[in-house]
Structure formats: structure tokens, C-alpha cells
Amino acid sequence: MICMNNSELKKLISRQKSNYSLDQEFYVSQHIFDLDIKNIFSKQWVFVGHISRIPNYGDYFLFNIGKESIIIVRDKDDSVHAHYNVCRHRGSHICLENEGNSKVLICPYHAWTYNLDGSLRGARLMDKDFNKNDWHLHKCNSQLFEGLIFINLSEHPNDFEEFIAPTKKFIEFHGLSDAKIANRQYYPTEGNWKLTLDNFHECYHCQPSHPEYCQVHDKDYIIAYGAGSNTGPASEKFDNILTEWNTKVEKMGHLTGEYYETEFNDYSRSAERTPLKEGMFTETKTGKPISKLMGKFKDYDCGYTSVGTSPFNSLLMCNDFATLFTFIPISPLYTQVELMWLVHKDAEEGKDYNLEEMKWMWDVTTIADKRIIEDNQKGVLSKKYVPGPLSQMERGLEKFKSWYLKHLENSLI
Amino acid sequence: MICMNNSELKKLISRQKSNYSLDQEFYVSQHIFDLDIKNIFSKQWVFVGHISRIPNYGDYFLFNIGKESIIIVRDKDDSVHAHYNVCRHRGSHICLENEGNSKVLICPYHAWTYNLDGSLRGARLMDKDFNKNDWHLHKCNSQLFEGLIFINLSEHPNDFEEFIAPTKKFIEFHGLSDAKIANRQYYPTEGNWKLTLDNFHECYHCQPSHPEYCQVHDKDYIIAYGAGSNTGPASEKFDNILTEWNTKVEKMGHLTGEYYETEFNDYSRSAERTPLKEGMFTETKTGKPISKLMGKFKDYDCGYTSVGTSPFNSLLMCNDFATLFTFIPISPLYTQVELMWLVHKDAEEGKDYNLEEMKWMWDVTTIADKRIIEDNQKGVLSKKYVPGPLSQMERGLEKFKSWYLKHLENSLI
Amino acid sequence: MICMNNSELKKLISRQKSNYSLDQEFYVSQHIFDLDIKNIFSKQWVFVGHISRIPNYGDYFLFNIGKESIIIVRDKDDSVHAHYNVCRHRGSHICLENEGNSKVLICPYHAWTYNLDGSLRGARLMDKDFNKNDWHLHKCNSQLFEGLIFINLSEHPNDFEEFIAPTKKFIEFHGLSDAKIANRQYYPTEGNWKLTLDNFHECYHCQPSHPEYCQVHDKDYIIAYGAGSNTGPASEKFDNILTEWNTKVEKMGHLTGEYYETEFNDYSRSAERTPLKEGMFTETKTGKPISKLMGKFKDYDCGYTSVGTSPFNSLLMCNDFATLFTFIPISPLYTQVELMWLVHKDAEEGKDYNLEEMKWMWDVTTIADKRIIEDNQKGVLSKKYVPGPLSQMERGLEKFKSWYLKHLENSLI
């Protein structure tokens, strides 16, 4: 089906069964992908970079999604602007390099010149009725929170404060505003963004596919909490471990607890603090402390903070480093996955931390997931693919799926 | 024209002229290609491999066509199963390598495990109402005949016995069940599958394009029989040669004769035995015997057996080796061509046969045909292409064309 | 919008604002591209090569545009024929090499043989009612003028004499019929053909983007005449320079003056003679004479002749060499640009001219333009692209744009 009208799509949505994967169309159709971008991705606040990537006045980087290129640039007053990389004259890209430094933005075609706030500074030889104030760069909504740069492609974005409120204290505790990027890496994945997120929303596959993850995390944690709280069958054993840990951690004055959406809304946020496997201080092969403590941690509490700000971002944070995920839908069969490892801004590589040890688990696991998702997509393209039943460890996927379908349906009204 | 409705397509079909090539649409349109796959290719029994490729319990190989991947696997009792390579859980490909050995089929994603007969053996942590019997791998129809593995992608395949009956004795005489694969090779061809088959259905191009073929086969044979019996102008000279040879061969107790469809039906089968060029024992440069005699041959009768089981397969068999062709439509402008050379199972390379000498003629000829077909496709894409008149040596092409058009038309009712 | 009907497209055309760039659709849509090819490109006489490329009887070269391949071949009587490279039998390409020599055109598939004038010479084994006269190669309209080979893909081409009349004397003065190709080069450009031509129709970008061009040409010329007469703001200073130069040149008996369309018609032609920067004899880095004087030049008049025969060709000619441009639309986002440098037929490389010095300016400038156009296209693909206001130096672009829109609109009636 090349194109569907709204009533056909509604029927298709209503045919989706609870606790089953989605019909093929959702994972392959260009039409549904276009709606996804317009109605789901473009309405979310998405984390796209950390302030440490642009430490100086004039520093910029590009965030590319499909046909769009966004310039993220730091101004004189340390404010951060986001602009569409499209000259208002004839439409040329203005910044051609993925990152750089420039005190003004000069279009390479005809030298129209913009200030870093996007206002037009100069344009030669224009007619007399030309008014520079009419030709500001197209602004992209952006917010800086705890060093994290969020953008929102919507014309009428949701209020940022409302959006960040429930996960705020979890992020703040880790002191990301005093952090720096230790490493950044892309894992381009030839699969639909929903297959990519499905993979991230369940830990049913962790045991067969991720020996490294299973080596680092407690077996009972993986079953009950592997993809977030209440995403697997209850585990009395892990509940006891968690209760005991909470008591210990509260005595240390550290944060405990969890957040999940209790009713349907525009967001799909979650947060929780849980203990690592016994004996592990941080998420590495040996579990030994690997870098400077971050944020408000006075001592190692050996916990793990998982925060989801939207389906497109996950923040997985230990006491001494953090791994941040960004999932970018590019086309129906292609998703860009970016990982960023953050450490305390004063930590020095080679002295305070060893990068290879720190990135080991999520690097090897994301490489495995890339392959898994690509093989998943291949099978889903078969005429014989039909949705299959989900296991007890795939409740997180079902949650995401029903949020997604409701969102998509609402957008068709 | 991106899309046509049935009545437009029927009009187009009725406009096709007898003894002319087809209109451009048939060679380029995605819409017609999709119908071809659904109504022509998917209804035929197609030879995809020889049993010697999976000699042991658990041996498997994949047969890929477009978005479909089929697992062909040998079970404990030596039976052969064909399954769609799609896990019933979330749809992942199960087998990732083109061939291998496995006593159970384990999905690499969540470790759902299937027996070789496709029945679900294990799935962890499913809900209580989950019934393993409901989640058998999607079966693909398959048949083993004389060591040849045939599959049929239809939900309601034609009866295999009815299908194979007329060509049976020709195939059996060559003892393919006691054969083994000496070589397998792909010739990916950037041309529509019908242009690819057109090329195979006439020998009008043999003289200008295939000096190697013309070196090995008799000139009068090429004219009268190059693309099968009754595909070129009658040759009294070759008729005499054939009559004489038949007499000789019948005395030896070998098979003679031919088969062709006398009325329109679901099949497009043919078979015939003819003599090679005088002095040739087999289809090589020198014509000297090159391997062990196969099947029921007691001595060299210097004959050539051509069998077409469907438009997508041809079996060209000498007394001591056989060359099998599989033509797989992949997309409107792309066809996969696979050649398989079979020898007696006890023949040893280097000792009983020389591979390079054996494959020489069809290898060099298929490479030439690949180029020819690709240049044909380029011209057919021109706005100026119009069907041209067929020669007296292209009767086989006309036969295939009318069978194809009638099939396509019937599918639109 | 995958497809538009005529009334939607008319509305879109009527929404285009004077002195602004075009809406995104015009630079990206497959539908509009197809109309462009049919209604604009295919109706123009397009220069595709110079006779010196096929000096001998039987010499040919191919001109490829999208799915079409045209054979340009020189016959015994030195006439030039253009044929579609499509065999009338089954449609194969006939000539497979980009250039060569052949006294007859033999299809490599079945050896149908054509005379160089396109008439069918031989076809083996055809039915009795087959008439060779019915199967002439599809002719493409072609004209040889002053050594320049023009083709026209229309079924009913405009009269060539009418077409060439206004630019005739400008071209003739340069003696291109006594010239030869010194160099030919492609600059494949990933941008819509209109973005490619927009770039060629204004010199507003010359200052920021083309230091080499600005080094060779007078600043006041660039502003007023950079993209042709009346394409920039008037410059009294350059007007004086031009008047003075005209007087000098007329005394020498050379040609002066200009041509531009004064009312809307099928053509978009222009021509003018202007002086080079003071002290420059020709369009090279040093400005010193670089080759033999061409055509009717008795001595260097230090002028520059710019001729546009259609939007798809520009001829930029100095006294001692000429640079010819051909712009070929290939797909919505891809344009082939070909440059040809011509010198006097008796000039010898290494002795009379140095190729690197001669091609330097337009080679480096066209490489820069390729990048510029590609970055322009990237930004125009953004959802945020909207047409921007044109400067006083982009009047040439506005002229082309309005000619194009009117043509497109007329074709919809």
C-alpha cells in the first residue's frame, strides 16, 4: 500500500492486538514514517548534544535529521541558539562542516551574513524596500538544561519545564552540567525506528544476545527491571535487594525512587534508581570505580539511574560516568543511533579514567543490537511476517507501542 | 504509468501483437513485476538446489528471492523441509548465514527454538495461555525429486506429480539423485526477468554472440533446435541426423523423444533428446568424455537432453555432466541467474573431471548473455523503444510470451 | 506531493513571486522534472558536440541523457546523422562504447545491420512479409552549424534557421567550424537543473565564491554584465569602458553589439561582445595571448563574446579560444555539466597553447559552482526553505525564471 487515507489507517490501528508486535506496515511504510516524523518525533523535546561540545563563543555543531540540518551555536553571552541551516536568500546550507567556530554565520554562496542569534547582519545590493529584520534565520526551539541541549522541531512546542519536571531531580543529581563528553559514537542501523526502540524497550533478548550486559547486571534485576521498572515479571528477590539498597542510600543522603507515566499524555518519560549487581561500583567489566564521582554523590552508592525523557533518548548513569542515547529516525528502514559517554569535567583520560574500559559494555552491546535489529527488519519485510505474542519480559515494549498507537491515532483526528 | 487498474492492464495485454516483442511496460513496470511475482513465479514449482548441498542431518542453506528468505534444511530422517526464515515471535531472521549445520533452529534475537520440522520447541517466559502448537514456522511447499529440491511459494500449489510427470523420464535417465554439485555460480543480471528469459528462449543470437556455443553445437541443430524443438525453421538435414541418431540410441536401450505442451495450462514444460555435433561426446571444447557416465547410460550415446520444468529452470544434460539453470526475478530491472554443474557422486575433481573444462561453455556463454541482456534493457528503457518483429528463429520466445500473457490475463479475472 | 494535476500546478505557478527564488517543488519534484524534460528541454535545440570529435567517415559518439542514448555519426559524404541507440528488432543498444568508428551499425544482439543513415541493411531469417524499409532507426533531429552539432528531441522541432538567426553572426565571427576540441570535461552536479542554471544566470555569487573569475574580469563588468547584459545594476563606469571599446573594435572591422529577447517566445537566446579587464588579451591568469587567433579576428581586440543559444548552452569566447557549456538535466536532483574548450584547428598543444593555463579559470570556477549548487540543493530540501528575495545582481535569474514559468504554464493548456 503506497498511500493510506486516514480512515484506512485508523482501521489498521484498531486492528493492532495488545501484547503482540505491530503489523508490517508500521515498520516499513513511507506514509506512516512521514506521519511518525510529523506527529511523534517533531513534537518531542530531543536531547542532541552536551554543552561541552561547544565550550567557546562561536563554537557550533550540526545536528542532522533526514533532510534537516540544525546549527547549534554558542553565543557571546554563553546562550545557545539553534537555527535551521538554510540561508533566507536562496536556501543554501550556511555551515558546511559538522563542527567549527565562527563569530558570524556567512552563507558561502552570496555572503549573506547572520549574527549568531540568527538576525541578518548584511546582504549586499538588495532593492531599496528590502528590510533586514524580515530575514532572520528560521529558529529551532532549543533549551539548555544541566548541560544537555534539547531541541524541538514543533512550531508550538510543549512547555519545557512541564516536560522536564518529573525527571529533573534524577538528572540533576548526576551533575551533568559539570560534565564533559569523553566519547561520542554513531551506530547507523538499517531498521525502522520502532524496531530500534522495541529492542531498547525489553530485556527479553539480553540473555541470549548480550553476555556482556548479563555479566555486569544482576540476573534478577534483568528479569524484573532490565527495560525499566515493571517491564518484566515481578521478582521478590530483587524487590528485597532494592528495598535494602534504598535504605542504605537514603542514609547516605542520596536519591532513590522512580517515576513512570500514570496516564496517557504527550510524554513517555521514566526514571528510576536501582542497585548494580553486588560488588559492582560502576558499569564496567570489573565493576571497580573508573572515574571521578559526579554531581551530588559523596561516595559510591553503587546505584544505576535510568532516565527516559522521550522514546528518542535514554540516560543511563552510574556514580562516575553516564551513557546517553539518542535515536534518530532517518527513513522507514534506517535509524541513526548516537551514544555519548560523559564524565566529570575535571576527569582526565588516562589518569582518572580509561575510555576503552568505560565504553566497553554499551559499545559492544549496541553493536550487537544493531545487528539484531537489522536481522529483525529483514524478517519483518517478508510477506509471511505476522505479529507474534509478547513475553512477560516485553511489557515495556507493549507500553511504548500503546503510547505510540494512541498518539498516532490522535493525530489523525 | 506508476499504477494501472485491471481494465487498463487488460487493454494493454490485448494490444500485444503476435510475433513481436512486448511493450515497454512489461519490461520495466513495478506494478506488472509485482503481478508477475504473485501470479506467475509464486505459482510454479521452482528448482532451487540439489540434495548434495545438504548431505548431513542438520545441514541447511538459504534460498533468497527479493524480500523472502527460505530455509532449506535436512532432517534426521533425511527428509527435507523448507521454512520461511521468519521467527514467529517478533519476525527476526533465524538463520543468518547462507549455509550451515544446526540440529535446532534458534532465533538469535530471543532464543525461540524450533525443531527442524518447524515446530516450536521452546519459548521462555510466555503468558500462561500461550500454546506452542500455534507457532509453527511458516512452511514453504517443497518436494525432493531425483535429488532436486523444488519449492512452490503458492498457498495452494499444483500437484507435484502432475507437474513432473511429462519430464520425469528424461530427468530420471540422468540419475541426478546419484549426482553431486561440482560447481555453483551466480550471474546477477541487470535486466527484467522476461528479457532474461527471452534471451534463453531463442538461439537467433547464438551465431553473432556465442562463438563458443557455435563451436560445440551443430549449425543445423542451432537453427532448428537451438532453443528447443520447433523454435526455429525446419531443417531437413538435422531431421535426418536426428532420425538416424534415434535409431542408434534406441538400439543402445537409451531414451529418445521429446515433450512439449500441446494446449495452454499452468505449466510451460518441455523436454527432448538430440545428438551433439558429430564427434562430440559431451559439451566441452574438445568434446572428449570428461567425467563418469551418469544414470542409466551404459555407454556414450553422444546425446544432449534439454528439460524445461518451468520458465525459471532449465536442465541441460550430457551423458557425463549436467548444467542446471535457475532464473530468479528480483526487481523490475534485476534478475539473479544461478548455474549448477552436476557430476556423478563418485566422480573426483582433478581425477575424474576437470572443472574448468566442464564449465567453460556455459560459463562464458552466460557471461556474454548477462551483457547482452543488460544492453537490451538499456535500449528498452528508451521512449523510442517499440516492439519489433521476431525472426523465424524466435518461435520459442513467441511461445513463452503468449503463455505469459494468457497467464497474466487469467490472473486479472 | 507525489503527483499534481494541471490545475494544482497552475495555482502553484501563479503563486510564484517576481524577484524571489522558486518554491521548493520546482527544485525537487519528479513530476515537475518530467514536465520540464518533456516541455522545455525536449523542445530546444541543444549543442551536444563539435564536429572535430568525429573527423572521419564512420566516427561516432554517444550523447546520453537520462534513459536516452543518441548515436551521433559521420557519414561518407561528411553529413552528420543522429539516431536513437535502440535496435528496431528487440530494442538493444547498438553502440556500446562512448565513441568509436564503424562503417555500418551492427546490433551486437542479433546482428541486425544498419547503414550510417539509419536505414536497415540486413536482418537474417525474417518472415516473408518483412519489409526492411519499415525498420529505419528512429531518427533524432540534428543540425550542423559552424562545426557545432545541435540535436532536438522534439517530434516537431522549431525551424533551425529561425532559432540560430540572432546569435549567428556572433558565433560565425569566432570561426568555430575551423576549430577543434582541445579538452572536454564533465562536472556531475547533485542539484536540480534549475538550481544549476540559476547559478549560471547571476554573478552575485562571483565575488564571495570565485576569486579566480574576479581576478580575470573587471569589477564593474562583473556587477553590470557578469551574467549578461542588463543582469545587474547599471554601471556608468563600465558603460564608458564599453563605448570606448566599441569604437576601437569597429575601427578594426570586428563585431560589436548585443542581442536579447525583447518579447516572450520559444527561445531564450542572448549574445554580446564586451571588453575583458584592461590589459587582458584572453581569459587566463596572466591574460597574455595563449593560442592562435580564431575566425575573423585579424588582431586581438581583447573582447569577450558570450552567447546563450538556450538555457542549456553557453558559449564563452575569447579571441583565441572558446569555452562551451552544456547543462543536461538527468533527474530531479542531478545535472550533468559538460565543458568543451575549442582552439583553432591548426593550434598544437605544447607549441601553440598550454592546456592547463587555458582551462584554468572555468575549470576551477565550475568545480566551485558544483559544490555551491550541491549545498544550495541541500538547504532547498529543508521543510523550512521558502523563496527569498533576489538582489539587484540577480536580474538574469529572474529573467530565466519568468521565461521558464511561462513556458511550463503554456504547456499545461
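Per-chain residue numbering starts at 1, and chain names A, B and C are given in the order in which the chains are listed.
The rule we apply is simple: a contact is a pair of C-beta atoms (placed from the backbone, for glycine too) under 8 Å apart; a residue touches a chain by one contact, two chains touch by 3 or more.
These numbers come from a predicted model, not from an experiment.
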| item | value |
| --- | --- |
| Turning angle required so that chain A lies on chain B, C-alpha fit (0 to 180°, nearest 5) | 120 |
| Same-site or different-site touching of chain A by its copy chain C, using the half cut | different |
| Distance between the centres, which are taken as Cα means, of chain C and chain A, whole angstrom | 49 |
| In chain A, residues with contacts to at least two other chains | none |
| Residues on chain A engaged by chain C in the complex (per definition of touch) | 3, 67-69, 84-94, 96, 108-111, 123-127, 130, 135, 138 |
| Residues of chain A that touch chain B when the two form their complex | 2, 19, 21, 198, 204-205, 207-209, 233, 372, 375-376, 378-385, 388-389, 391-393 |
